[in-house]
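Going in written order, the chains are labelled A, B, C and D, and every chain counts its residues from 1.
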Amino acid sequence: MTIHIPLTPNDTASAGVEARPAAGWKRRTRLQRAWQTLSPLLRRPGFSLALLIVLFALFAALAPHLLSHYDPYATSPADKLSAPGLEHWFGTDELGRDLYTRVVYGARLSVMAALLAVAIALCGGLGLGVLAGFAGGRVDAALMRLIDVLLALPGLLLALAIVTAIGFGTVPVAVAVGVGIIPGFARTTRAEVLRIKTLPYVEAARLGGASWARTLLRHVLPNAWGPVAVLATLDFGAAILATAGLSFLGFGAAPPAAEWGTLIANGRHFLITAPWVSLLPGLFVVAVVFSLNHLARSAEEHAR
Amino acid sequence: MPPLHRLFAIGSLALALTACSPADNSTTSKTLSVAFWGDNTTLVSVDPFQVYWLEHRVLLRNVAESLTDQDPDSGRIIPWLAKSWEISADALSYTFHLRQDVTFSNGERFDAHAVKTAFDSNKAFAAQLPATFGATYLAGYDHAEVIDDFTVRLVLSRPNAGFLQATSTTNLAILAPASYQLTAQQRSLGKIIGTGPFILEHYTPEVGARLVKRNDYAWPSANMRNQGPAHVDAIDISYIPEESVRNGLFLQGKADILWPRNPFSEVDLKLFQSKGATIQSRSLPGPALNLYPNTRNDRLLADRQVRLALQKAIDRTSYAHTVYNAAFPVVSGVYDVTTPYFKAQASKLAYDPKGAEQLLEAAGWHKGEDGYRHKNGQRLTLRYNLTPAESAGDVLVQDQLRKVGIDLKLNVLTRAEWVAGNASGSYDLTSTYMTRADPIILQTILDPRAANSATLATNTYEPHVLAKAQGLFDSGITAIADPQRAQAYGQLQDLLIDEASAFPLYERVWQAATAPRVKDFRWTAEGFALFSDIQVGQP
Amino acid sequence: MSQSPLIEVRDLSISYAFAGQRTQAVSQLSFSLAHGETLAIVGESGSGKSTLANALLGLLPDNAHIDQGQLWVDGVDVAQADERTRRQLRGRTVALVPQDPMVSLNPTLRIGRQIAEALLLARGRRYPEVDREVLALLAQVGLDEPALRARQYPHELSGGMRQRVLIAIALAGEPRLIIADEPTSALDVTVQRRILDHLQQLVAERGISLLIITHDLGMACDRADRLLVMKQGKLIEHASPRQILWGAQHPYTRDLLNAAPAFVPRRRPGALPGQAPLLRLSNVGKRFALPGQHAHFTALHDLSLEVHAGQTLAIVGESGSGKSTALRIALGLERPSQGHVEFAGEVVSAFSWRQFRPLRRRIQLVQQNPFAALDPRFTVFDSIVEPLVSFGLLKGQALERKARELIARVQLPLHFLDRLPRELSGGQRQRVAIARALALEPEVLLLDEPVSALDVSVQAQVLALLDELQRELGMAYVLVSHDLAVVASMADQVLVLRRGQVVEQGPAAQVFGQPASAYTRALIEAIPGHSRSVLPVAV
Amino acid sequence: MKRYLTGRIGQALLVLWGAYTVTYFILYLLPGDTLAIMLSASGMEADGLSPEDLAKARAYYGLDKGLFEQYFDLLWRALHGDLGQSLSLGRPVTALLAERLPQTLALAGSAIVLSLLAGVGLAYLTAYVQWRPLKTALARLPSLGFSVPVFWMGLLLIQVFAFASGWFPATGSQGLASLVLPAITLAIPSAAVYAQVLHRGFQGVWQEPYITTAFAKGLSRAQVQARHGLRNAALPLLTLVGLQVGNTVSGAVLVETIFSRNGVGRLAQEAVLRQDIPVVLAIVAVSATAFVVVNLIVDLLYPCLDPRITHTAKVN
């Protein structure tokens, strides 16, 4: 049983007792406020660790060469399938390439693909959701049926069809995955918009003379953003998994570049003889996705 | 929905545990289980005439038989359902004298009428669907004449030096007339009645097939050691696309023969051998795994110097030893060694990166800052179309070429796009293979007049070479005497290497791992197995 | 009644751990409760009264900790007892009538089952008379058609009916003590009174002790034999109602008494005759179409009113009376189905949103729930200047100056401009909302239940602020409220609504002094502490 | 109620038609000539044939019709229960589905049951456990569940439970035992989602005043959780079960590939690759129907679980 008693600030000291000199007051910047929100979260070791892992992945995507001195594509037949050790942290693959390096360089493709997918889903989903939620009526009904149609199509089948339609590679896979998660975003956004639209402060803003555009941009979207951002973080993880799934089926980037999914997929032939080739990249993916989930959940719990 | 009680049963782990305890009954000892890789998902068929899929041809070899057989060691054609034959001087008519003791598994008698029915049905099917694979075997066939019940004459309209070999293949295997009354579709799904030592009990696409022994079998060719009915009672064939799963099944003893399409990697090989398994290998007759260039339309490989440099830049020894193992044969010609009239070209295929770099420099390609060669602002990038996925070997070659400054772009495509790419010529390198124990098979790839893809075949040669190559193909197919054929095909192989119109990568060795209890695994000339010879015993 | 008291609390201290800090909720509290006695614990939010109720039931949340003291309930020390023993006490010795009947019944279970559950716990699992007794209980708590009610789900009953069901549940275990935690604060006043009367009657009949926990000193004085007044976890006053009313010891208790807006109509000069009203509603009605039917629901019927500068018009009614609809029509948020709205001599009821917009500077709203009226992401500064920004009236320095002026006007410290709504208390939020409404310097301010969500002492402060602002700025107020005491302290004119119909309308003194309708009289009588309005406390 | 039902069914049919049409046109936008694929499948390439031969082959495969003509033709026949012929397999699609569907239904059905059992069980346990460290650990488990790639989990399970311990067969479509590992693999992500949602449901429900009412009656914690907590916490789960149908079909594609199961998922993947439009369309139609029907059932079931929801028009 977890009942939290809300501790309301004291009401008594309201009547100008603490008045400071007028010059003393300056508006707080957004950065300061963001820091104030974030700092209690950072004190949790789990959150910090998760953040660290995600930042590592993002950093690897931006500057992989700083994290490893090996060439991810240079084959070295003599070193093929050597076990993890000091020289090769994750071991080597069947052509003697350093696996850790390949995972780090793979981050660029995988993270970019996932980011692109989430960006597509965000733009599409946010657009549809806001439009449906704000316009209401027939527009809403029509858009929701469209979303239903997208939902009714199994995600992977839709992605497969899209990938075969526009070709293999990281970008098509990202597009396919992104289209697949649009419905979720659209639904969440719409629900949030519908909820916030009726809240008293939105009415107050309207009565204060704010235009719909201003209400939307200043009140509805920022307040709808919370749940949508949490969903985006969760879907960022889901997109990594979905791209991995498509790479597993062979739709990934052009070789020798390899996404994480491709690494796992290629390594699976050696599950019996050299398990690390598949397991270590797999574990890395699990760690990153789990961290993303953890961040999203912590942020959500914190917001509640 | 499955029955409710079933669902509940699944929920209970305990139940499931008891349900799956290994069911070792005595019959399994006489059943041979074979694990192949995935089934053909593009053309679902076990109809002999249509089948090009190697695994299905293995199956068919043991169910349906042909007029002749081919000696796996010498490549000579030997009697089988036909006791003897004569070929007319103009090589246009083949008279076969048939065995008289042969019956189909449905009880029908094997005779000249059955042979005529088979050939005529195949011809009719080829007319309806000219694209079908068997059509190439039947090239030139005009009609059959039944001389008497056990003598049949097959008449060609134009010479086909490969025709006699064709009569030994599964593609021209003789099915019972009843089979041809069915539609091609029904045959494709397993309604196959042959004269072989096994009967195809059922074939379930993508899952597997089951062969059962025929007890009254007594007409093998000389290739078979066992002259009577098969030693094993049944053969269970399963198609398992996932390599690790397939290997696991074999290691667990749930498969007696592990027979994937691609050769084993070194680690797998050692693992299997450490468990007492025997590795059976045979080079598949037909072209080696070659890359074919596109020399037309001002593509980079139009320059012979660049092609020759490419030939030198490929380290075939390292390929064989890295991707496979130290004992793996290094490819030494356009054909695999088991192909009749094979001519070794090992010295011309030696790894010579310095030579390659010199050739490229001479051709005006100079290394830039990115490590790749450039000429007139253009990078030396070669587009290699492949389907459905790249192999470790492709990536290895990519890295080998990088060392001399060639950028090999591995362009992974769906089968559809790959086909379209070949037809439109939007590639620099592409690759395909066919298996048949006769050099004539190369015509289906490299002779524009007979090839599946005329564009691919044309693009392989520079314009002035094409005529020369076609001339050699013609001499090969019209030649009647062996020395003439040997000369023609020898020159052809020289031409392809000298002109760098084919880049062999590796010998297409087909490997199967057999469990310790499996004895007498033997190959046919085309690289299939004779299940009738196999004995299973205690390891 | 010579036996030991039913409840004996000695030196009890309870604290909560929250966000790494410990907060004292109850400190060193001692009291006792005799059999058959009615005791009231009075306090505002944060006084620890609910914590005490939970502690008596042994239902403290996980993060609460009993630091010291003893809690004897019927001879058992709940502070020390194990969960099993405490469970024995609950329902059978101590029962609870919870705070908000709307959410205190399980929405997915039928009423009958929820009562039966309590019965079965008290009488054993195989109690044969369950069904009959459920109906008997339902009848006893004053519900018509008990058989029907038992089959219904909570959402099919009104709030008052649900509270009666909860009383039935509390009675089912035949407890010795019933704790009523703010039992009626969520209900309409007239319903409140009937239910409390009924509860006290039932308790008296059965000789059950009653512990009322409330924020309403008036109600406590009406109902209880003895009163405990708590503030911030400490017991500050312990007396009989009479003692408290005639001379409370502690200044806080006196403050509470004074703060509670006593029912004293205010007397002020009326509107100057001949002056045109600022806002006038003429014969306004509103109908809503019901979904799926051709029927209409009439929310408002033929309402006419006038609001003059510097005056307050109060609209009084219980939930569903149409008072909010009237307000929304006046604001142009809803179109009236009939009649029209005039603002400053202009008919505005047919105005589009765009046409209405300039008028928004002259008519503003303060909303009911201060907890949702502020954008949680906006600082106080952003919130209060938003109307100015929307109308593009001020920028930069001028904007900040105006913000300082406004925040001072609602008597909040300057540095509050940086706070986010979640860092403010309810009263402070309502002040911010008022400041926002004042930003445009409107002539008419609509107040929708402006203090109903606030503690009594805070209510008084906010009302005082509103009064002061009206005197300084000369605004007209339209006050919508269900609380007659609030209305009486503010209004010049009063309008009583019931189910969309105007029941009574006129100057405050007249309506309250000589109510013409029975409904108005009932409303006035239902005011807790009305009986003592003759007493000289609220002068 | 009747009116609601008609409207809801109409809506469902509209969604189905939308799904069918969207898929058809996506598939028709694919590059590559269907005929070329058909021919290459049988070992020939289109440019090796004369125009007459090509026309003959085109007619043989039924590809000699226009885009919309084929669409309406297919749609019309689909409405009559004829899903057409598979282009590459040369068999009626209905026969193919009849052969493959039971496998997938068994897999998906057992996966759904398993995921519900596991998800609900885990969340129930998490809610019941009071010891903090264990509660936290259990609460984090679902996150881990859907952080693991399905195919990776499948391979891992095969290694551990099929090859290392030999408890279950790794592949095959026959028997209960061969269903265990794939069903578990497919169930894990859904179970994680259910557990997570139900866990949150419990978190919310525990704060509801009616739980206090229940405790005040003298019910034990276990009784309160079972009688008052579960049903209310599980309400959001129902919608989710409906939505997970699509994910289960997606998962089936991967799981059937790994476990060499001969189901619809694998058929779908292969059909997309060889542009076998009738087959893909049929599979999409079937899975969309499953999705729509399950969600329809969910909607109709809601009033049973939550009496506050009714599908009849009501006066407020």
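The rule is simple: a contact is a pair of C-beta atoms (placed from the backbone, for glycine too) under 8 Å apart; a residue touches a chain by one contact, two chains touch by 3 or more.
What you see is a predicted model; the values in this text were computed from it and never measured.
Asker: Out of every possible chain pairing, name the one holding the most C-beta contact pairs.
Answerer: That would be the chain pair B-D.
Asker: Looking at C-alpha means, what's the farthest chain from subunit D?
Answerer: C
Asker: Taking the mean of the C-alpha atoms as each chain's centre, how many Å separate subunit B from subunit D?
Answerer: Once rounded, the distance between the two centres reads 38 Å.
Asker: When the C-alpha atoms of subunit B and subunit C are each averaged to a single point, how far apart are the two points in Å?
Answerer: Computed value for the inter-centroid distance: 86 Å.
Asker: Taking the mean of the CA coordinates per chain, how far is subunit A from subunit D in Å?
Answerer: Each chain's C-alpha centroid was found; their separation is 24 Å.
Asker: Could you tell me the distance, in whole angstrom, between the mean C-alpha positions of subunit C and subunit D?
Answerer: 49
Asker: Mind pulling the residue numbers of subunit C that touch at least two other chains?
Answerer: 62
Asker: Going by the touch rule set out above, which residues of subunit D reach two or more other chains?
Answerer: Expected reply: 30-31, 155, 159, 163, 257, 273, 275.
Asker: Can you list every residue of subunit A that touches 2 or more other chains, as numbers and ranges?
Answerer: Residues 1-3, 164, 167, 268, 271-272 of subunit A each touch two or more of the other chains.
Asker: Please name which positions on subunit C make contact with subunit A in the complex.
Answerer: 16, 18-19, 23, 25, 45-46, 51, 61-64, 331, 333, 357, 360-361, 364-365, 367-369, 372-379, 381, 383, 386-387, 390-391, 400, 404, 408, 411-415, 417-418, 420, 423-428, 431, 433, 436, 439-440, 455, 457-458, 461
Asker: Within their complex, state which residues of subunit A touch subunit C.
Answerer: Checking each residue of subunit A against subunit C gives 1-5, 7-11, 14-20, 22, 24-25, 27-28, 33, 40, 199-201, 203-205, 207-211, 214, 218-219, 222-223.
Asker: Write out the stretch or stretches of subunit B touching subunit D in their complex.
Answerer: Its residues touching subunit D are 1-2, 6-11, 13, 15-17, 19-20, 22, 41-44, 50, 52, 128-133, 185, 188-189, 204-207, 238-242, 244-245, 248-249, 251-252, 254, 388, 414-417, 419-420, 422-423, 451-456.
Asker: Once bound in the complex, which stretches of subunit D touch subunit C?
Answerer: 3, 130, 208-210, 212-221, 227-228, 231-232, 235, 305-308, 313, 315-316
Asker: Contact residues on subunit B for subunit A in the complex?
Answerer: Interface residues on subunit B, with respect to subunit A: 242-244, 247-248, 251, 265-268, 271, 318, 321-323, 388-390, 392, 394-396, 398-400, 402, 409-414, 417.
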